[in-house]
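Please read through the structure below; I'll follow up with questions.
Labels A, B, C, D and E are assigned to the chains in the order they are written; within every chain, residues are numbered from 1.
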Amino acid sequence: MAAGKPSVSIKDLSLNFGNVQVLQALNLDIAEGEFLVLLGPSGCGKSTLLNCIAGLLDISDGQIFINGKNVTWEEPKDRGIGMVFQSYALYPQMTVEGNLSFGLKTAGLPKDEIAKRIARASEILQIEPLLKRKPSALSGGQRQRVAIGRALVRDVDVFLFDEPLSNLDAKLRSELRVEIKRLHQRLANTMIYVTHDQIEALTLADRIAVMKGGVIQQLDAPQAIYNRPVNRFVADFLGSPSMNFISGQLEGGEKPHFKADGVSVPLDRYAFDKSSAATGACIFGIRPEHIAHGEQAAALPFSREIEVEIIEPMGSDMLVWTKLGGSNLTFRAEAEKPLKVGDRVIVGFDPARASLFDAPTGNRI
Amino acid sequence: MAAGKPSVSIKDLSLNFGNVQVLQALNLDIAEGEFLVLLGPSGCGKSTLLNCIAGLLDISDGQIFINGKNVTWEEPKDRGIGMVFQSYALYPQMTVEGNLSFGLKTAGLPKDEIAKRIARASEILQIEPLLKRKPSALSGGQRQRVAIGRALVRDVDVFLFDEPLSNLDAKLRSELRVEIKRLHQRLANTMIYVTHDQIEALTLADRIAVMKGGVIQQLDAPQAIYNRPVNRFVADFLGSPSMNFISGQLEGGEKPHFKADGVSVPLDRYAFDKSSAATGACIFGIRPEHIAHGEQAAALPFSREIEVEIIEPMGSDMLVWTKLGGSNLTFRAEAEKPLKVGDRVIVGFDPARASLFDAPTGNRI
Amino acid sequence: MILTAVVVFAGGTAWTVLYSFTNSKLLPRFSFVGLDQYYRLWAAPRWGVAVENLAIYGVLSLIFSLAIGFLLAALLDQKIRFEDTFRTIFLYPFALSFIVTGLVWQWLLNPDFGVQAVVRGLGWESFTFNPLYDASIVIYGILIAALWQGTGLVMCLMLAGLRGIDEDIWKAARVDGIPMWKTYLFIVIPMMRPVFITTIVIIASGIIKVYDLVVAQTSGGPGIASEVPAKYVYDYMFFAQNLGQGFAASTMMLLSVIIVVVPWAYLEFGRARRG
Amino acid sequence: TDLEVTHWWTSGGEAAAVGELAKAFDATGNHWVDGAIAGSGGTARPIMISRITGGDPMGATQFNHGRQAEELVQAGLMRDLTDIATKEKWTEIVRPKSLLDSCTIDGKIYCVPVNIHSWQWLWLSNEAFEKAGVAVPKDWNEFVAAAPALEKAGIVPLAVGGQPWQASGAFDVLLAAVGGKDTFLKVYQDKDAAFAAGPEIGKVFKAADDARKMSKGTNVQDWNQATNMVITGKAGGQIMGDWAQGEFQVAGKVAGKDYSCLPGLGLNPMIATGGDAFYFPLLKDEAKSKAQEALATTLLDPKTQVAFNLKKGSLPVRGDVDLNAANDCMKKGLDILAKGNVMPWTDQLMSQDTQKQKEDLFSEFFSNQGLTVEDAQKRFADIVSSAD
Amino acid sequence: MAPAATATRIETGPRGAKPRKTFSRRNIFLYGTLIVVAVYYLLPLYVMVVTSLKGMPEIRLGNIFSPPVEITFEPWVKAWSQACTGLNCDGLSRGFWNSVRITVPSVILSIALASINGYALANWRFKGADLFFTILIVGAFIPYQVMIYPIVILLREIGLYGSLWGLVIVHSIFGMPILTLLFRNYFTSVPEELFKAARVDGAGFWGIYFRIMLPMSLPIFVVAIILQVTGIWNDFLFGVVYTRPDTYPMTVQLNNIVNSVQGVKEYNVNMAATILTGLVPLIVYFASGKLFVRGIAAGAVKG
């Protein structure tokens, strides 16, 4: 949970483009020094939200506070923010160096301070050899790094990153991830970070806000979101490969059970949200990585023999597709274990690790 | 290795921008119906290579054949290619629909055929509600989907994709990945695909070409590249978290050993490239996921007790940082196992799964 | 067609240069007199004045029309209301005949019944604003009218350029805390470089050819104080019926243009087109 | 037959005058196709020359008589009218004879003069002198003497518009009036540079110096704006050709009562025989050539001459016509003409090139008090020496 | 996070869209400047209109700023339908259709040619393009008058002298340098990726030009139209040199009205005629305003 006083605080923020309602009465408090990751499907309004915080879009309603100051009507430059744009927005006629230094020069910083900051940022981002080039002579990833650099050199309270690493290779990305984390720890400034990369989200975030259609669905620590998603959407959206869902019936009473097409899962170890479990149509969700197979599986509270249908290799391990209770079920297996299509194996899981959702509303039970 | 006759064949391709040599005498044969993934660090020339194949850049030297025809001097439109640009390159004045239909109209397709294809592509890409919008009213991911759609609707022999999914959320990405794979199976056309996402590379590719500085380092099936990287660069580049490297000495003879700072790894199970192992400075590489810990580890040919230094949670599991032979060593552990910083655990691995590189050249031994 | 154009321009230029070495009068005639026409040209006090005027007028008009035109375009680009109206107001002088433009400004600047008279009529007796009848500043009087007529077009060109700039660049600059004027100066203007080049060529070619306005406003007066080279060319070709002299003068003009344009063009177009 | 006639007579009175020509020509069974182009010779001439050299000549075209069309004639593009001229005895009817001389090149006649415009008039505002409390001057010297009084009354003594030809014309008038006809011819006809540098001309320059001092404060460009100053009494007088008369008439002023005119500045009553003439390009079309002849005849027809010149405000080229309708000033002109006090004007004597250089000099002289009389005269002599 | 606290916290200060105050300092400065400048631009027009509504006697009285005591539309009527070109006294109306017939094809032809040239020069580099272009630019600086005679000869040789098409060609040639430059430089600023994408999409030279480049360069087309309509509509020199009396444009009449050296100058008619002549370009200016689209390439590419 957020610690300290809020650094960025958003109240009832709404925004329309014409009659397209993009953000709807959105509330969000971000603590000082917090690292908040915005996650959500494409087009859900993440960039729009960042733009609103930055003051680049005229909001329709609501208020925005930064460091306790109402900045709703402030100019972007007076908000103490730095931003990396999804579209980079580099100044095309300036060299990389010019792009990095321009804001600083304008702010009237001394020359050697500017040089120092640029040196540091370009070292972190590995763009030293490119400093004299213009953006048009850079590759996509190089442009993206310059865009990050432009934000990094600024000494601000709040950083807004819009998918800053999307065009970088995995290696560089993990390096920069570590750098950003380190930077965050050192500077202790607030960061709001949009990403589609779950690893990024989970490793970087203090809290994650999952958005859908302009509304925040869940705002919580990464593990909490991962383990206890508040609704089916969040459960489905996070995790890759994504959670397995099985539709069925919840049978309440003393010994609650989940029933579907020949399967019955005992739920006594499951932590219901409400004190007692209701009865009715529901969806049972279990993450692929929580499904064991082989000997380990047999020992678990629920286990079943199934047939392997598809195998997807994934480098270090493989994804196995099978069926359970009439729905698809996938789980991970180590690449070396000799599983083949058509094999029959025992799979099992601990229902305590599962999530149950009400079928009509999709909310967690 | 490539099966069937080559669909795209590149001979001694070189390209300079002024005095920046971007591609250097590059050779590549892509079989008909093959799915080739280009991997490589940012700025290594992937986009440039695609542009050359498409005929959008004037090459400095070399030849390009598509379907056996020398197209080195052909116009892009005569090469039978479709392309998704890293920078989208949507036509700003046309609606999404116009963007999708432009190529088809140009080709003179009948109206209903065009409508059919657009309907299909927009369904796959989930952009039906956006068909009447202009690109400026789309989010980053939506634009990217339109860019993909523009290539998909075209019925061509060779598809060129330049990081087509980089701005999409994980869920959509995995869906589209499946769609692209399916499309590929159905159309059986050749695909050349640039990505930074390893999962994408490993799940989609028939073969992967790993590039660095305009030169192809290794061209092989995904598992081969993953398990037997030809040099340290490839080993390091692939896999996330990346391979652990330990510098030391190779001691040859009857019973070859790897020695570093108090560690000695027996290499009798290691498959040397050359019949006999040379002696000298070398680097020992082992992937994090090949390192076991706890009870399993003790049984492996090499094991050692170490101290946990850092823990990085990664959703389903966690990354554990420790030290071995004076170098960093990371490995994966399940998130639930109660490992804490400062814990001492036994880790171990099978040297058969390791890779050994010559220290000066970086080549596999 | 474009080839025709090039041939016409190249051919016409060559023809002009060739005949500048003759003493053609009313009709072009091949009777070579060597550099006589040039000696006479540079001996004529009027030509000297004309060249000097062109230099002053050219530099000032270039600077001011760019500055004013850009400023107006920037103002109009602020998502203001009545943009169309303002734009048309700034542009309309461009549609009017030079002759009448000259006449109206001649009136407005006339000390006896123009602006000066009005201001004096308001009680400010010592007010003097008499550019057209003071030889030392007459060229500025012409400049005022020229700017009035020409800046609208510059504004339009600039506006067209501004409209091509991606909004994200503006956003980035706003976040960077770069003041508006600096964004224009250091980001937008460099991005509009091609537009500026176009504009400069258009303005410059207009400057070189400036003729009608001077005729209409001052007839080159007082005396010869506001003469310009194009008028010299015109007067000698058609009033004085001395084609050779006119050609010599226009060759000098072309020569100076070529001296400026050709090296620049090679710098500009000779190097890689993009980047 | 349709015959296209180009000219630059476009203002109200001029057009009406052209209308008379057209009417008379149409009466011969032909048709006058009007091709008017305004803006003085400088605008119209290149157009006409282009047409003629471009192989698309008109049927007839106006030029000032003098040397403007010389080269076209030499290039063989113009029609030789000698036959018609002899047949119709132009040499006898055209008066003064010098007019026809300027149409003659190598003994052949190439043009038909239609009118006489004279430059040498000083127009005076009676009202202005009344206001200044001095009598209306009778000649240039009195005028110069009255100048201080006018100035005191806030009146510009002499209005000289900003266009170069006005200054140059004023000087030529002074030269003819102060120096006399012979001096004028010695300079402009004989092109005697030494004489031009001499004391005789120095006197003229002295007078011109007076003139430029008197003209200070003429803050107008157009000649008619300057005339308007005289009409409204803002200026004492103006040296201008007979066309200025039209302005006074339109303003409803009466000669002798509201304004006075002094031909030859009252010193040397002379009329210069400048004016307009028609030239006929050589045409291939037989019928059109016939029509050209008809036009040539019509132009010199007495009735046409009267009708035309009354409207135009100029003097007819025939002495045998009757101009009762003429006003006071015009009659003065006719008188002088009748006495034979005529002289050729600069158009006839010098090339346009030389005249242009002269214009440059005098427009500078009149506006730039810093240009001394001596320097100006020296430059004048230079021009004369190289004149052709 | 504490939702309850959020709800109860007293929310003060700015909320919602920043109100656009009508009299903010920015607006006062902005509109103030615009209005002041507009007055400067309108002053001469005021003088022209006022003058055109006065009778000649009133004009002779001399105050150019005073509104007309007696408004008369006589000058307008005269300028439009009575003023004489020599003998033809039907005013500007006479040349109006000629002007239209000259302007429309000339504008279309010159802009079409120049935009295609500019496009070819910007996107399809060919050998000698630079030299070619340089000559063209130098051509922009040649005074028109100097070219009159060579062109007369040229037109005579191709047999178009005196015809409307001859004039159209002349206008196109003289419009070429500036317009080509205009288009070329604009097209270079269009993101290159778009051009690439269209080539991959199978569009050829013309396809790309018409479907991609053209719609993306509306503002510059407006500028080109403004330039050409004004230039050609107001052209006098070529119109009169390269046509015959029956095809004279209306500027010849305008010239005849305002440019008479001798005889009476009717300033009111001059002013009316000038305004009348300028009306067509003015209408074009106003009508083309909608084409000044903002952010024309927005969303095209990232980066």
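Operating definition for what follows: a contact is a pair of C-beta atoms (placed from the backbone, for glycine too) under 8 Å apart; a residue touches a chain by one contact, two chains touch by 3 or more.
Worth saying up front: this structure is predicted, and the values here are computed from it rather than measured.
Chemist: With centres defined by CA atoms only, which chain is the most remote from subunit A?
Modeler: D
Chemist: Considering only C-beta pairs in contact, identify the chain pair with the most of them.
Modeler: Top-ranked chain pair by contacting C-beta pairs: C-E.
Chemist: Which chain's mean C-alpha position is nearest the mean C-alpha position of the whole protein set?
Modeler: Given all protein C-alpha atoms shown, the central chain works out to be E.
Chemist: Based on CA centres, what chain would you say lies at the far end from subunit B?
Modeler: The most distant chain relative to subunit B turns out to be D.
Chemist: Using the average of all C-alpha atoms in each chain as its centre, how far is it in Å between subunit B and subunit C?
Modeler: That pair's centroid distance is 59 Å.
Chemist: Using CA atom averages as chain centres, what separation in Å is found between subunit B and subunit E?
Modeler: Computed from C-alpha means, the inter-chain centre distance equals 55 Å.
Chemist: Could you grab the centroid distance between subunit B and subunit D? Build each centroid from C-alpha atoms only and quote it in angstrom.
Modeler: Taking the mean C-alpha position of each chain, the two centres sit 92 Å apart.
Chemist: With chain centres defined as C-alpha means, what is the inter-centre distance between subunit C and subunit E in Å?
Modeler: Between these chains, centre-to-centre, one finds 16 Å.
Chemist: So which stretches of subunit D touch two or more other chains?
Modeler: In subunit D, residues 43, 46, 53 touch at least two other chains, as defined above.
Chemist: Could you list which residues of subunit C touch at least two other chains?
Modeler: 112, 166, 168, 191, 234, 237-238, 274-275
Chemist: Multi-chain contacts only, two chains or more: what residues does subunit E have there?
Modeler: Residues 62, 145, 149, 255, 258-259, 295-298, 301-303.
Chemist: Once bound in the complex, which stretches of subunit A touch subunit B?
Modeler: 17, 20, 39-43, 45-48, 86-87, 137-142, 144-145, 162-163, 166-174, 196-199, 202-203, 222-223, 226, 236-242, 287, 289-290, 312-317
Chemist: Residues of subunit C touching subunit A in their complex?
Modeler: Residue list for subunit C touching subunit A: 166, 168-169, 171-179, 182, 186-187, 190-191, 193, 274-275.
Chemist: Per the contact definition, I'd like the list of subunit D residues that touch subunit E in the complex.
Modeler: Checking each residue of subunit D against subunit E gives 4, 7-15, 18-19, 22, 32-40, 43, 46-47, 50-51, 53-56, 222, 224, 228, 231-232, 243, 246-247, 250-251.
Chemist: Considering the complex alone, what residue numbers of subunit E touch subunit A?
Modeler: That would be residues 1-3, 6, 11-19, 301-303 of subunit E.
Chemist: Give every residue of subunit A touching subunit E within the complex, in rising order.
Modeler: Touching subunit E from subunit A are residues 1-2, 9, 11, 27, 29, 58-63, 70, 72-73, 86-90, 135, 140, 143-144, 219.
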